[in-house]
Every structure is written in structure tokens, then in C-alpha cells.
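Quick heads-up: structures coming right below.
After this come two complexes, each holding chain A, first together with chain B and then together with chain C.
Right after this comes the complex of A and B.
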């Protein structure tokens, strides 16, 4: 199944291609954490996960056409 | 003729002076202002003039303060802001300025949380003063906010926010500002708020350090309930400190996003 990826800031280099968004083909029953591991996204970066604009976590299962956004906030305030 | 006294409409006799108005409505007023300029007691008012009478050191009452804000913002806008509640998580460089901006526009209730005390290193960007060093930030900021707007209801939590207490502290809060410093804490707050507080909208910040151009401080809508302000990349670290101008701009962008949400200009 195809899912849409949107990685922000320092996570962008881990997204396939060189654009603002990308698509990957993953197997059914794949979760958010497995996709990120497959793309070699470092697990130690603090992250906010959104699936179709709604909160998700690493265990959330993906389905065809989902949009996975991952955002790593940086220090400062 | 119709004039405005402290922003409230008033029918006055033609030829009335500002001094006569002061004798009738605010005896002892020592600052007389007509249409934004200081005036002498003998100044004659004309139709449509805005007169303001001030006694040095006197704090405006709730009704008078309401009238001032209503005149500035229009009654419909003021009513919406006054009946709103906003959470601010962390009251350092971002949060203290957000809270001040929201108190100035008349937000009805602010829910503030921070476990920190005011330190000398905070004074380069945070809304605290030298005579507040050592005070709990919640107490210090409460003092300041009450001086700005005595009508605002303040609910302060002098505690560290955690996944356990965030759903309790910000229950029934429609808009929450993420104003932390540490990246892990920012992620924790956003993840916890979005997963446990139904319908809450989080206005977060990321990438506000340094003195790079403020033109890169954007508003990023990552979902229907998450807005992130900042350049997303400029992290606070050695040789890239947090400084008043850029942090202050980001905080006021956050406050303006909140205002637009309260006024239903965006969701």
C-alpha cells in the first residue's frame, strides 16, 4: 500500500527524494515506527507524529493513502 | 452634544470644559486628556471629543477597564476575547510574552504553568524584572499581569508539567500555547495534549534562537489541531543563544495565532 510522507526540518534528509513530500510502498499491517526504522530515522530525536493531521504514535497502524507527518521540535523558548 | 468620557458615550452641554467634566465625574483628576493630548481645565469640548480623566495612581475599576478595551477592540471582539480561556505551558522567553500580550488584549482567563524561579540569565529575554529575581515565575508573572489587566483571571500551577498532570491542568482549555525550552519537553507536551485533550488546539514554537532574520519565523499548520511558529530549525545551543528580539517576535506571532483562533478567524 502507498503512504504519503511529510518530514520536517532535520528529518527531511531521511525522506526519499528531494521534495517537500514523498511516497513509499509498505506492506499491510505496517505501523508508524516500522516505516521510520525502515527509512533509518534516528530513534533518539524527539518527535511529534501526525497521521492525516491527527495525533499518532509509533504503534499506530498505517493504511492505504495515509499521510504521515513527522516533526522534530528543536530547543529554545 | 455627544462626547466620550473614558471611552463611554456621554451627553454634555455645549460649551462644557474638560475641567467642569472632571469636577462632576472625577473630582481630583490631575491628568486631563482630550483626543489623546494633555489639556488644561479651561479647554472647551466640542461634539465627538474623547475625554479621559485620570487620577495619578488610581487603578481603573473592572467596568471602566472593560469600556476601555471594548472601545479599542469593538464590543463584539472584546466580548469574545473576554469570555475565552487560554493555557500557557512554560512561562519563560516565549510564555511570559505570550501571557502579557493575551492579558493586554483582555483574555478572560489564563492558565499558567512553570516550576522555575526567575534567574539572572532569564532577564535577557523574559518578561521579568531585577526585583523579581528568586521568585517563582508563576508568582512574578502574576504580579505583572495584574498590573497590566486587573480583570484577568489567573490560574497558576507552580509545577513541572507531565503526561499525568497535563490532561488535568488543561482540561476544558480550548487553546494551549507550548512555550517550553527543551525539545523533549516540547514533543511530550504536544503529544500528550493532542492525544488526551479532545478538541484542544496547540500553538507551539520551534526554531526561535539566535539573531537570524525574523522573516523566516513562519506559521506552520501541521494539522487541524497543531500550529507551529518558528523557522523549525534554529536550535538554542552554544553560539546560538536565545535573545529578546527573535524570541519576542515568535511569542507575539503565537499570541496572534491564539487571538485569531479565539475570533474564529482560523481553526
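Right after this comes the complex of A and C.
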């Protein structure tokens, strides 16, 4: 199944192909953490996982067409 | 050193000095401005009339070597909200006032001739008022240039108003110069520039060249606490890495991805514009043009979230711009051109306008059909009109509410007359509680629920549900008020919320500096004391529960992409500040 993956801020270098986002083909029953491990994102780097705009965690299962946005610790205001 | 309280009468041009009365003894920053207003200003007074007062108060730690302690509080009855106002600014002013031993400058009355403008000269040995006809009609940049030519003092600071303040427009700000003596750091919210203009006060020159850093009562304790505080800020990934690298605009993508970015005048919660004006894009453009990331807006800042923006030719144009400014003039108006937004930021700073209010106003102007969505050139032309004071310019310069009402718009994003900032209350409900109930009007900084709703700082409360938002906003409003009294930048809160030692260090710094014995409960009580004063002032000014509500459409029009409405009940909103 295809998911839309987006990395932001200091996670940008971990995105394949020097882009800010990509569409990744993953197996059914894959969770958030497994995709990030596959892309060699150190597990202590991301802090916030948004799945279709809703907060998720590394154990959340993915499904076809999901948009996964991953952020390091960030803040502003 | 001065006695602490300096009163400036703009009718008689008399200056008097007073010791800080015991009742205000423990107050600084917002605690001081709100206490003076409650004690001395009739809540029913006309904001631009002679009976309003304008108060400048550095924080309790400003002027000391405490890290990031240079925030200035400016207070008055707001002509925009018609309630109490504390507007908070960076820049050098608070550090200088602190070093001069000034706890508050209280500007009173107004000149009999409304055409006259004055400069207040504040030096270690004397404070004087001089007429300054040569500054009349100038923007903040030209004003500071002329003042620098006159005073030629590199170790100085300036507080000024631009044309908007002179015209007493409701979105007028008060500018403070940064370390490079540029008027880029504004007490933006609430139209306090108009109050300064009404008093005929064009500028304040601050000279601390003959004084040194304030010294603590207990040097060892203060030094240890300051070191502990700086270490905590450096170690926290947000204050130590995220903010210095990407600045405040690092929020653009995450708020947009979370569906909480008010786009097209609060018509939707996300937009394709966001990615084009994000903190990441801004960071790369700044470095390509020889600008600067990791810039401090005042001496002693250890976070360095400010930046220097150069134009396409590599020449300085403006600071930042900050997230709120980029959102307001960008996605809120369907504008996705950072260069155009930077020009608007420069114009706002120069004319002396609150960037949040002006961006929100331009969104309302687009809703009204005054110009097309996404028309960046049109916004720049309209800002020129504000500076020129054309009839339309004066309407726009009076903010989102006035503009919307003049043009029959039914979708005006304000609470207590003040524009909502860069977070959607329907999909980030904690911030909606703060917008609704803060005595300051819609103000994200008054209780920054984004931290816990979106950024997972200080825990996590689901932004899409009403549960937990009241307690979150209440606690943040109390903590924020206390921080605003210290002179510390509010961004320390990101570390304070996660690291107990950072919170401890705040009252330990106060204890070391003043020889006190404060504990965590005293910090909480200080925050409550400030909010009590502000609510009391507003109630006497005629505010009631109906003023603590969001616009009707926040409860009736579902917001994409999550299709939520703001669902915290009225009873719950009325319980937020129940301790007052």
C-alpha cells in the first residue's frame, strides 16, 4: 500500500531522494515506527507523528493513502 | 540611580520621581503595569483621553545578568479592546531601564496642543522632555536614524511610534530597537501605539552608558541559579536547537499539518501556501542571501530565535519575519511569497503596526472584496495607504473589527475586539479557551496551549476534544502572567514545562537577586494576583461573561480538515478564571 511520508525541520535529511516528501510503498500491517526504522531515522530524533493531521505514535498502524508527517521537537509562537 | 517610579506629565512636561510604594514592591513587568492601571486609571476612561496612563515596566530580572531577561511590559487601557492591556516586547529597552534603576515610567495626561510631539530623554543623571517637530510624520526607521544622529550614542535604546501611532490608529504598535538599533521589536498588541500618540510622545531615548549591570543581593545564589537556568535552556531540544535553527516559523508546517492553521480568513484549517512560506524554506533563503539565523533580539538572550532577513540583493530588509507575521500576511491571505511578506513586515514595523492585527485585517479586507485573495501587491499598496492616512488606510489601520464592520463582513476573527492569532480555535481547542477568556483579548501568548495541544511540550491534551482544555488554559494563563512579571522571555516556558530544574531556577534567581525566599507556590500566586487585577479592571470597564466568548461561527461552522467546531461549553469557559 502507498503512504505519503513527510519529514520536517532537522528530519529533512532522512527523506530519500533529497525531497521534503515522498510516496512510499509499505506492506499491510506496517506501523509508524517500522517505516521510520526502514528509512534509518534514529528513534530518538522524531517527537511528533501526525497521521492525517491527528497525533499518532510509533505503534500506530498505517493504511492505504495515509499521510504521515514527522517532526523533531519544535516550538515557536 | 532613580527612585524606581518616574512620572511624566505630558501636559505640564513635569517629571517627578517616587520610591516604589510597598504595594507594588514585589512587582515588575506585567504585574507592575496591571497594578498601576488598576490602582490609578478609571476603567471607564476614554483610552485616548487625558485620564488614561501609559506605563513602561521592565521585568523583575531585567538589567541583571539573568539569561534572556530583557522583556518589556507596556500597559494602558487599550483603545482596541477597551480593556486592560499588557503588550510585551523584546529589544534593548527593558535591560536599559533595569540598569538605570527604573521600575516604571508612568506617562500621564496629554498636551493641550495635539499637534505637538515630544521625545523623552532618559539618562543616568537626568530625565527631560524635549519637543521634536523634526520627527513628526516619520516612520520608525527614519525616526531612529534621526535620533541616532542627534544623540550619536551606540550604547543606547529607542522606543518610538511611527505614523500609525501619531494618527492614533487602533492597530498602532510601539517599537523598541534591537541590539543593532533597528526598530524591529514591537509591543504590538492592543493599539498602545495610539495611546503613546495621544500623549504626544513620539520617542524615548534610553542611555545607560554610564551605568553597569544590576547586582544581586546574594551573588553566589544568583549566579548558581542563572547557570542552572541557562543550562536547562541549552539542553532542551526546543530552546537549545529548534528555535535557534529555524526560528518561530518552524511552526508553519506542523500547525498546517495538524489542520490548525487559520487559512483564508479562518475559513479552513490548512493550505498549500504553508509549505512555500515555512520555517525550513525561510531558513534556507536566509542563509543563501547572507542573512542571519540564530540572532538574539536583546542582550543576554540564550535562545536566539530572531533572524535577519536580507532582500534578493543581499541587503538588510527586516528581522525574521516571525511565524505570526508570516501566517497573518501569508496563508491567512492566500499569499505564498516570503519576499512580499518580508516587505509587509518591514512596512508594519516602519509605520508602527501590529503585524498580527494588520494581517488579520487584510484577510478581512479580502473577504470584503476590497482586494483579491493572494494579491500581495494589493496588500503592499493598502499598507502604503495606512501610512499615508487616507480614509481607507485609517479604517484598515484600525484593525480587523473596524474594517469588517465598515464593510459588512460577518466573519471577523476577533475576541474583545482584538484579532485572533495564528492558531484555529476549532481544531486547537485549548488556545480557543485562552482566546476567549484572557483579559487581554485574543492573545496566543496569554496561555499558549499549542505547547501541549500540538507540540507535546508539558504533556499532551488532544486538541480536537474539549476535555482538559479549561485546566490547561487556566494553568498556562497563571504561569504566563508570572513569567511576564519577571522580564524573562515567554519562550523559556518550553523548557520550564518539561524540566523541573528550569522552573526552580526562576524563583531561585529571584531569591538570589532580591534576597527573598520564594517557592513554587509564590510564583503561582503572583500569576493569580496579576490576573485578578486584570479581570477586576475589565469588569469595572463593563466586561462580563458575554465578552469571554469566541465569534459565533467558531461554534457553528465546522472547520476542514477535521470538521470540528469549538465545543468547550459556556459554563466551562466561565470557570477558567474562577480563582479571581
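Going forward, the second predicted complex is superposed on the first by the 72 of 77 C-alpha atoms of A that agree within 3 Å, B and C clash if a C-alpha of one lies under 4 Å from a C-alpha of the other, contacts with A are read in each partner's own complex, and residues count from 1 in each chain.
One rule holds in what follows: a contact is a pair of C-beta atoms (placed from the backbone, for glycine too) under 8 Å apart; a residue touches a chain by one contact, two chains touch by 3 or more.
Quantities reported herein were computed from a predicted structural model and do not represent experimental measurements.
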Scan A:46 for contacts with chain B and chain C and give back first, second, both or neither. first
Please indicate which partner A:29 is in contact with in the superposed arrangement: first for chain B, second for chain C, both, or neither. neither
Which partner does A:20 contact after superposing on A: first (chain B), second (chain C), both, neither? second
Answer with first, second, both or neither: which of chain B and chain C does A:37 touch in the superposed model? neither
Dual-contact residues of chain A (chain B, chain C) 8-10, 47-48, 50, 53-55, 69, 71-77
Contact footprint of chain A on chain B as seen in their complex: 90, 92-95, 179-184, 186-188, 190-191, 194-195, 204-209, 220, 222-226, 228, 232-237, 242, 247
Which stretch or stretches of chain A touch chain B in the complex? 8-10, 46-50, 53-55, 57, 69, 71-77
The answer for chain C against chain A in the complex is residues 236-238, 241-243, 245-251, 253-254, 257-259, 270, 275, 278-280, 305, 323-324, 444-445, 448, 450-451, 454-457, 460, 462-464, 490-491, 494, 561-562
Listed in rising order, the residues of chain A that touch chain C in the complex are 6, 8-10, 12, 20, 47-48, 50, 52-55, 69, 71-77
